[in-house]
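Okay, got some structures for you below.
You will see two complexes here that share chain A, one where it goes with chain B and one where it goes with chain C.
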Partner chain A sequence: MLRYVLRRLPSAVIVLLLATIPVFAVLRLAPGDPAATVAGPDAGPEVIASVRHDMGLDRSLTAQYFSWLGDALQGDFATSFVSKAPVSDLVMRGLGNTGTLTLCALLLAVLIAFPLGLAQALARTGRLRSLLSGLNVVMLSVPPYVTGVVLVLIFSVGLRLLPPGGYVSVFDDPVAGFQFLLLPAICLALPAAAVLARFLTASLQRVFQEEHYFASRMRGLSAKRLVLRHGLPNAVGPVVTVLGIQIGHLLGGAVIVESIFAWAGLGQTLVTAASARDYPLVQALLLLAVTVFIALQLLSDVVYAVIDPRVRERT
Partner chain B sequence: MQPSRRLLLGAAAAAVAGCTPVAQQVGRGDGGRRRGGSLKMAQVGDLNLPTLRQQNTPNISWPRLVFNTLTEYDHKTLRPRPQLATDWQVTDGGRTVVLRLRDDVRFHSGRPFGPKDVAENIAYQASKKGVPGQLASAASAIKDAEVTGRNEITLRLAHGISNFFDLCEIMLIFDHESIPDLEAGKELNGTGAFRFAGYDPGVAVRFTRNPRYWQPGRPYLDDVELRIITQQQAIVASLQSGQTHVGYALNPSNGRNVQADDRLRLVEVDTRDNGQYIGCNVKRQPLDDKRVRQAIAWSVDRERIRDMGMAGVGVITSVPWTPTSPAYDREAAGHYHRDLDRARELIADAGARGARLQLTINGNEPGGPRSIAEIVQDGLREIGLDTRIEPLQPAEFQQRLNTASFPGLWIGGHGFGQLNPATLLNGAYPFNAQKNASNFTDARYRRLAQRAWKATDEKAAAAVYGEVTDFLLDQQFVIDLVSSSMTYSVSRSLKGYRYNMFNDLILDDAYLAEG
Partner chain C sequence: MSELTEDVHLPAAAAAPERKRATGLGDLLRTPAIGGSAGVLALLLLAALIVPPLLPYGPNELASATALDPPSWSHPLGTDELGRDLLARLLAGIRVSLLVIVAAVPLALLAGGLLGLFSSAGRWTDTPTQRLFDVVLAFPALIMGIAFAALLGAGLTAVIVTVAVAAAPMIGRVLRGAVRSQSARDYVLAAKVTGVRPWRLYVRHILPNCFDVVLVQTSLACATAVFIEGGLSFLGLGVRPPDSSLGGLLSSSLTFLTSSPFYAIGPLVVISALVLCFTLLADALNRKLAAR
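The block that comes next holds the complex of A and B.
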């Protein structure tokens, strides 16, 4: 097994090294000059040239690339052009915040999905079933930028209970942090909750048709006991599988929701850095994305090889 | 143990109870002014620390919290008033300036402020290192700074300059010993009412009350937090929800939402230093012909631009000077107005009928430059010019501005019309006589700019300002439209705030009233 991993590792490293070229070049190909952005609106050409020199952007592209790559290999990602903060700190902060938002949204999605899915599966009247199904469709189909505005209008402008945007760390100030986290998390959680609820409903309805469930019912168990002891445990398996897929969707959706609510996660950091042409920060964020992708690819190859020994033998 | 429903409901109630709007979190104070409280501000852009020596939009709402300046202009008379300098003597035709300084000022680090700090700050302002300020040339004219007393410094200039006090107004007094930390974004050590308490890039910057501030009993507020909220609508919602007290520089369409809310006030800064203009690249045909540029100036509906494109904020003008500027002339300001026949005549004389022009704008948000561009496009269509609007991302727009490479026309905003005219002619890039975004070079213009800079005598200055105004009206490489204002959207509970001639918010006397 170790030999297999060692055989796969060099290609992963080569791919990562090759990927550093587009990571380095992509923002440089876009129009816009970071020196001009940093220098401000009234800066003349001499000032911009001086700022460019300070930023090290007057060197050849090759020199800049190898200098960046060399530093990156030693774990030094330089400082942001705009804020002057270490890029590694900004990336770690973004990673933590996106993780917090995703985790909170996942928790909310589960908390919403289970009662909704159960209610849909157990609804006795057609009208109630239609109502719950309609609610599910709305949750699933309304995009986050619409949900976000509606939530802000209700909870921020109308009720004045929650902040409409911004970020406070839950570790620095748990109450304020929770307030800032709640709206983006709900906004992100709703579509995921709808998907989970649908799967749960379908899964429960399938279980309700099975013989063991029918037999339990015939034995005179109470409806509550029947559902909680015999229905739900048998139905939850497929939902857990979908939950795994939803984590990926939530991470992707977090990027959009972060922009709507000015939540200082990876997506928001990347958008701001790209528009300011903050090369060191954008490069670090893209490199992180590429590294994670390659690592997951490698991991899935390894898992596949563990499951199927023929794969190990073929390579 | 499974959490009971009662426990969950209790937790939810506690969470909601924690959601008290910040405007209500203020303690009792003395007299009519309430002491304490936490002020929350919001703006779209993150701070830009490398440009702290410049007047630059991301750094307008907060630097005067941490730093003081030597003097501060009276907005109506443009006469300097004491700040860190208590009085001054200008002699020898402006070539010698003696500044006497306060003796009770300390930096936040505890070190006393003195004349050596002024000398070091002037040298730093004049240095070309990093991003120098727009008044670097004024600072460079100071050839010698000699400490002539415990709290006195004598400055000797190469020649008298008319905008010396503009420099005193823009130059934030840094602790010169901590300038390297300032450049690295680690420390902001000034003498202002608030101390720098932390910066989370892209999220917020925090300031706390300076207990040793040289103004007795000030400031009233305990702390100030400036949050970066990248969506303007989110800032408006935050203001409406009471989570934020001050929103800075919202665009006109969001300003209208603020105006419609009784709890908020849209404060138009009276310096009116946000001049909206059409820039012309005079190296591109047909804009190399001044008749075409004049025709464009005659074709524009300035009233519609102010009312529709700028939510009614501003005064219509044809000159870069604001009404308080010594160069302002009401007749000149009204020189260009919508006269399509005259414009068509000029276009016909120049043989430019049917010419195609590109009109570049910064961003593509509705209610911003796009609205102005569409009104301009409409006027140009009526005089036979075919215009295409090209929206660019801010970074690309900035690059084109700095490299003077717009393919035709552009919509921009300029400052400095509110100060001494020499500052605009030598410091604002659209007008800079040495090199500007329009590629306009002219020996007479350069001479006029130099004369305006060196005119320390009021009478001589007035004469040269008149000549400059006539020259600009004739050449129209920058077509001024509206002298608009930066705006602060402010909760009515915030009292006692003011701002200087650069729109920098000053919170020395600010407090949060009840309700």
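The block that comes next holds the complex of A and C.
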């Protein structure tokens, strides 16, 4: 097992290191002189020169990259151009909210995907099958900003059941917190659920063709036992690997969902930072997104190998 | 010698158009999923191209003295918070999405296609290209778009660059796979043996047979283009007011959802229809072309 992890690790680290280069380049490619931005509009040339020296901008690009990377590894991302607060503090402030939202969405996605995927794989009649696959395509392709507005129209404006947006901590007031969380989480979960269901269906259909499955069927097992004990366990592996990739997409979708539902998380921080051209903050959030994405992909591959010993042997 | 080669590989080249005729364009369009989604797309795009000059109001003109008028005969979709005609703004929004598709998708095809070909050339070119694709795909498309908007400033350029960069790796990966699977076939070997030059081998033999998968990816790239344009404009980082865009319309409708729900209907229907039809088209083409 350890050997499998060690074999997968280098390529993940290489991709992550390569991904830090464009992230670093954000500040260098940005129009305008960062030193002048930090020094402020009234600063004279000597002040700007001293700020440039303090920021290390007079050193070579390679030296700057490595010192930036070293600081980043320690969680130090300099200070925000706009609020002058340490970037790491600003990131920590929104991390919990985005984390809660993403985790709830992930849970919901899995809860929706399993019944949907099973139903799609088992659907015999043409009409039910095309209905389910139509539902799947709609969930998959309709963007979260459309789903979000539709959900608000139905549940907040029409039925007046749930608040249209805002944030209350689940720990302060569980009922209200849950109400505020529900719509954004559904909105974020639907596309991920559709992808997971798609992979589960394909994977199940493959298992249904295998000889061991046919043998179990010939032994006269009940349909329920057959699917739940012999079909599903053999089919979840590929779904787990997709799960890792889907979390990455959830992070992207979270930006939109947070904006629709006024959810005070990292997505809002990123949009504000981009509009204000607060590059250190944008850099830190980009790096966070990429790191989480690559780490989760690695994690899901490892989980797949834990579930399915054949994967460990193969590679 | 050259005459001989022409003769020998003729059967392989001649077989392809014949098979294509069996599932030609008309045949594809008669498939309900393909014909239906292509029809809806054509209708929306034609409406966006033809109707605006016929309307009495431009998208940025004040068309009504009162704001947020509900739908009426003079304003079929109502008016917005400044009294501008929502139908004119909606059609202008479709035009913007169309512009993004026309500008970004060919860029993505070019970049992805060249990288995919480069990647399929051999082991030494494959690994670096695949790592490059890994790195690009490690950034969620919308987050990458926000970074481009921070760098280039909010606007259409950032949207177009994002779509091109996000779609290119997908096209590259698929093309690489297709070229590799074609290269392993007998007809390629036969062509090589008869002395067809590498350039001609790719352009006349291998690439025409990869057309199907690229067509499917093109349709998906169009869906991505609409998705990213809508998302960035929704966040206020794409097309900027007063200009209209589908995402921008949707995000301004959000403020008036309780009092004027009609505001949101147009952009909701059009964005869903565009993304859904491009995805369905890709799905159906994929199934149909894989079957042949």
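Observations, loosely collected:
Going forward, the second predicted complex is superposed on the first by the 179 of 315 C-alpha atoms of A that agree within 3 Å, B and C clash if a C-alpha of one lies under 4 Å from a C-alpha of the other, contacts with A are read in each partner's own complex, and residues count from 1 in each chain.
Everything below uses one rule, namely that a residue touches a chain if its C-beta (ideal position, glycine included) is under 8 Å from a C-beta of that chain, and two chains touch if they have at least 3 such contacts.
Nothing here was measured: the structure is a model prediction, and the numbers come from that model.
In the superposition on chain A, A:Val138 makes contact with chain C only, not with chain B. When the two structures are aligned on the shared chain, A:Val152 is found in touch with chain B and with chain C.
After overlaying the two complexes on the shared chain, residue contacts for A:Asp33 are found with chain B alone; chain C is out of touch. Look at A:Lys84: by the touch rule set out above, it reaches chain B but stays clear of chain C.
After overlaying the two complexes on the shared chain, residue contacts for A:His249 are found with chain C alone; chain B is out of touch. Of the two partner chains, chain B is the only one touched by A:Tyr167; chain C is not. By the document's definition of touching, neither partner reaches A:Ala72: not chain B, not chain C. By the touch criterion defined above, A:Leu286 reaches chain C but does not reach chain B. Residue contacts after overlaying the shared chain place A:Val236 against neither chain B nor chain C. Once both structures are placed on chain A, chain A residues 30-31, 149, 152-153, 156-157, 164, 259-260, 271, 275, 277 are touched by chain B and, in the other complex, by chain C.
Of all residues in chain A, only 30-34, 36-48, 50-51, 54, 79-85, 90, 93, 149, 152-153, 156-157, 160-167, 175-176, 178-179, 259-262, 264, 268-269, 271-272, 275-277 touch chain B in the complex they form. On the side of chain A, the complex with chain C involves touching residues 14-16, 18-19, 22, 26, 29-31, 137-138, 140-143, 145-146, 149-150, 152-153, 156-157, 164, 248-249, 251-253, 255-256, 259-260, 270-271, 273-275, 277, 279, 282, 285-286, 289-290, 293-294. Against chain A, in their complex, chain C makes its touches with residues 131-132, 134-135, 138-143, 146-147, 149-151, 153-154, 223, 227, 230-231, 234-237, 247, 250-251, 253-254, 257-258, 261, 264, 268, 271-272, 275-276, 278-280, 283. Those residues of chain B whose C-beta lies close enough to touch chain A in the complex are 15-16, 18-19, 21, 42, 46-51, 54-57, 128-132, 134, 183-186, 199-204, 227-231, 233-235, 237-238, 240-243, 392-396, 398-399, 401-403, 415, 427-429, 432, 434-435.
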